[in-house]
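For reference, the structures are reproduced in the following blocks.
Both complexes below contain subunit A, partnered by subunit B and then by subunit C.
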Partner chain A sequence: MSDVPAQPAQPRAARPPRPRRGATPWVIGIVLAAITVWAARGVQIDIPAIWQNFSNASGTLMQLFQPDYGFFPQTLSAIEETLMMAVIATAIGSLGSVPLAFLASRATNPSRALLAAIRFLNNVIRAVPDLLYAAVFVAVVGTGALSGVLALFFFNIGILVKLVSESLDGLDRGPQEAALAAGGTWFAADRVSMLPSVAPSFASQVLYTFEVNIRASTVIGLVGAGGLGVLIDNVRTFYHYHYLSLIILEILVLVLVVETASSMLRKQLAR
Partner chain B sequence: MTTPTAIPAGKAVPPPRPSRLWVRAGWTAVLLVVLAAFWRVNIDWSQLSDFVPSLFHYLRLMFCPPAWSQTSAAFSATILSVQMAWIGSILGILISFPLSFLAARNVVPVWVRLPVRLVLAILRAVPEVVIAILILSVTGLTAWTGALALGIGSIGTLGKWGYESFESVSGGPLEAARATGGSRLAVIRWGLWPQAQPEVLAFWLYRFEISVRSSAILGLIGAGGIGKMLSDNTQYQNWNVVGILLIVVVVVTMIIDQISAVLRQRLITGRWALVGYGARRKALTPTGLA
Partner chain C sequence: MTDRRPGTAGDPQIVFDGVGVTYPNGYRGLSDISLTIPAGQMVGVVGLSGAGKSTFVRTINGLVTATEGSLTVNGRDVTTARGKQLRAVRSDIGMVFQGFNLTGRTTVLNNVLMGRLYSAPWWRTLLGAWKSDDVELAMDALTRVEIVQKAYTRASELSGGQQQRVGIARALAQQPSIILADEPVASLDPPTSHVVMEHLRRINGELGVTVITNLHFLDLARKYSDRLLGLRGGHVVFDGTGADADETVFESIYGRSLTGEDVLDATPNLETS
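And then the complex of A and B:
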């Protein structure tokens, strides 16, 4: 009764046909290769130069692995200046970015024209790198920490306005609608509904900006804007690579400590 | 029939407010640090009063009008910077790609990935300008030095984004590849890589955008390109040339960002679309990055 019905003779399992990919991967590959060749010619890639000069340079590079710890006391004031520039710039940058971020978010700015203008302006601000700001401000207000703080301020506005306005865009707009329906103005509605909701992600983005500032403030001194960079510029002009390696070590420690602390705090905020 | 339980009479007592002691202490500490920084820093704040007028003065010198005659020179200097960024990105991708496999939890054991991650963390922490200063002693003041510095500098971030996206793939396809008898390499090629590929390619493009910005900076220490032209002209106070340089930098950077954003959008979502400023773009950038 339970005899199995005979299996029909099955043909060999055939693989499905490979999807045709056409010429697209080849075109992409050729375009990328062409750009690379063009860029390589522009940059004048010179791999032999590395080997030829390496014997001359190996002496100086070896110095990098022998930091001169005796130089440490002289770097303290520069480290302090670096930290202070980062703290001040983060503070004024985050305060200054709040109104602009609200004006740059679709959720909090009902005027489309103003929105487009603020976003365009911010894209322009963001397109200028930190050291370029520093170079220009050193020319405007002279060398020192002030030009560094100003450079970091504009740099921070660019980052924070973009990040915070995107957070605002992603918020639940129910409370805002309730406040508007209750007769509040846009300003009042945003203040009581959107500002408290965006506060945690704003805090996290300020911490991230502080990390970025620590990195940036170590090098903007290279163009004269105060902090460790001034020191880097001095020691590299005189080829004191023992000192330079100590400074790099300090930057490493500073950046790693601040990043670890900040990412721990940001994890707390995200919960 | 249940009768509703009677509410006890008397004033409703609100629950006690949760203690915000630590939050308050934290804010006080932040405030103290900021105040201390303002108080200690060696800045003459009174200079700020003439900052706004002098800023407008310099802006007028730069942009009213900029030195249009220098446009083509500025443009070719910017192109050199972009070429530096491209070569740097290619180098960074070639080196970071194998490293990010060697740092992923689902590919290698802990004794391989910890040292690799340490190297990546150190490379991330050293600013590119400093890397460029170190390489200068080997290759001299050329655009090639800048490209090398950008390449080495991008290994750290690219490697990290790579192993993070490898670790976030779902385990099913890996298990399937293993169950059909795939070797370790086959599991990576057919289980892991197809899942991570769009995101990793998008990160490569994103890193190129960052390198374009950094390449302008590297010129400031002499590595050629737009930054070199800029530092030369600020030194000699040719403000109208500085103006045209800034315009060209901003325009080229914005165009490259836009092209790269459209390509990344295509890689991640499979659709061609113009990418605006808003939330859609957020998914396309690595976590926590501007």
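And then the complex of A and C:
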């Protein structure tokens, strides 16, 4: 016998009963699987056919792995146009988004009716995909960079108003209360307290928007809205896969460079 | 800084007449408050958390709207004031907050200039193009709380005590006749608390500004008030001088007897004193 008194046995009845998990996870899993199978049958995904086509297209694939670097000088103006479209669209989009973001945040807009109206408007703006904007503006103002910039502008308003108003919602409202208590209007209080506080996250979201614009402006050219996309559409039509693979490589490098630079800048902003 | 102050010391300035506050969620913040605060008085408000101290001071500048009774400040009805009228009432009342409520990402000077918002036109506010008179007022206010050398420093770089002095300067820049201080020292250590309270007392003494301060600690409230208001459950249960506030009074406010936790300087604090 040791001198430490033996621990009295804990009565098992004191433990809580193990909670029952139920069949819910199984039901959810089966339903999701069923929906997926239904969808695959609906669009006629045929695995053997994929393999068949894959072998047929091996020549094309080989071309895609051999970019024609000699084509590079002819892509420069399209790259330039893509960058310019992204810069202009980001600039006007971010300027336009500031007043709308303040009207779309519960923290900065005391009028519930106006808030609901602005939020609804922005949901409509966001519901339209960038490619569709591009197609519409190509129809309205013709092919070229202008329709691309207009498409990206609406796309940016949609993103920025949502992200910035959410940042505003999360801010400390003490300084705003102080400005209101000093006899300032809501406009004045938001300007002197909420605007400086939201500035870093706004700048960070503008950089993010610029990244997205670079990527988007390569795609919207497919419907004629300027930039690299137009070039992609041209070379694809004539089956110049050596050229196409060079353009894809260029987009990859461009996006990587812009993303790296932007994430470095955003780290600085977060300080 | 005394030109705008209506009335002379001792005139009734803040008049509560049957004031009650019921919040939208049904919570009863204040009940049947009737009292008069004369111009130039230094008032300390004590009570447990939830007793209604914060609601009490916030009804005075309309940050909380009184739902019953009437409340006048310098002859103007606060309970019915809206828009421009309400902002006019507020411009005459400075406010100092527990959490300082400074915009950390901008300069001390810009924070103090927030006290000039009422008189500034919207485009000046938008551009941050303050009138030189307003900048002078802000600098004077910073000088008064002995922190003018930090005017161009970011507010977030200051210590808590320094930030609260900036908060007081912001209130002073309004050239107010009243300053409300809602737990101004609750986030500060004891020596810094005394510095902040001394500044408020000096503003009261030298400028004749009425100062109403919510305080958690009874000894601070006694030391820095001409008049002590005790709140409990939204009612005023004590209204007298610090000297009148004995053990019985204390029990009526706090519902128990005094302990070391109710006074700031009860325990020696070797690190800070």
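Assume the second predicted complex is superposed on the first by the 252 of 271 C-alpha atoms of A that agree within 3 Å, B and C clash if a C-alpha of one lies under 4 Å from a C-alpha of the other, contacts with A are read in each partner's own complex, and residues count from 1 in each chain.
Keep this in mind: a contact is a pair of C-beta atoms (placed from the backbone, for glycine too) under 8 Å apart; a residue touches a chain by one contact, two chains touch by 3 or more.
Bear in mind the structure is a predicted one, so any value in this text is a computation, not a measurement.
Participant: Figure out whether A:163 sits in contact with subunit B (first) or subunit C (second), or with both, or with neither.
Facilitator: A:163: touches subunit B, not subunit C.
Participant: In the superposed arrangement, which partner chain does A:225 touch: subunit B (first), subunit C (second), both, or neither?
Facilitator: In the superposition, A:225 contacts neither subunit B nor subunit C.
Participant: I'd like to know which partner A:129 touches here: subunit B for first, subunit C for second, both or neither.
Facilitator: first
Participant: Is A:177 in contact with subunit B, with subunit C, with both, or with neither (first, second, both, neither)?
Facilitator: Once the two structures are laid over each other on A, A:177 reaches subunit C alone.
Participant: With the two complexes superposed on chain A, say which partner A:88 touches: subunit B (first), subunit C (second), both, or neither.
Facilitator: Only subunit B; A:88 stays clear of subunit C.
Participant: Taking the superposition as given, does A:248 touch the first partner, subunit B, the second, subunit C, both, or neither?
Facilitator: It touches subunit B, and subunit C stays clear.
Participant: For A:79, select first, second, both or neither according to whether it touches subunit B, subunit C, the two together, or no partner.
Facilitator: neither
Participant: So, does A:149 touch the first partner subunit B, the second partner subunit C, both, or neither?
Facilitator: Touch partner of A:149: subunit B, not subunit C.
Participant: Give every residue of subunit A touching subunit B within the complex, in rising order.
Facilitator: 35-36, 38-40, 42-46, 49-50, 53-54, 57, 60-61, 64, 80-81, 83-85, 87-88, 91, 104, 106, 119, 123-124, 126-132, 135-136, 138-141, 144-146, 149-150, 158-159, 162-163, 165-166, 169-170, 204, 208, 212, 215-216, 218-219, 222-223, 226, 232, 236, 244, 248, 251-252, 255-256, 259, 266
Participant: Touching subunit A in the complex: which residues of subunit B?
Facilitator: 33-34, 37-38, 40-44, 47-48, 51, 54-55, 58, 79-80, 82-84, 86-87, 90, 121-122, 125-127, 129-130, 133-134, 137-140, 142-144, 146-147, 213-214, 216-217, 220-221, 227, 230-231, 234, 237, 242, 246, 249-250, 253-254, 257, 277-279, 281-282, 288, 290
Participant: Touching residues of subunit A toward subunit C in the complex: what are they?
Facilitator: That would be residues 174-175, 177-185, 187-189, 191-193, 196-197, 199-200 of subunit A.
Participant: If we count contacts the way the header does, which residues on subunit C are in touch with subunit A in the complex?
Facilitator: Touching subunit A from subunit C are residues 61, 63, 87-95, 97, 99-106, 110-111, 113-118, 120, 122, 125-126, 167, 170-171, 174.
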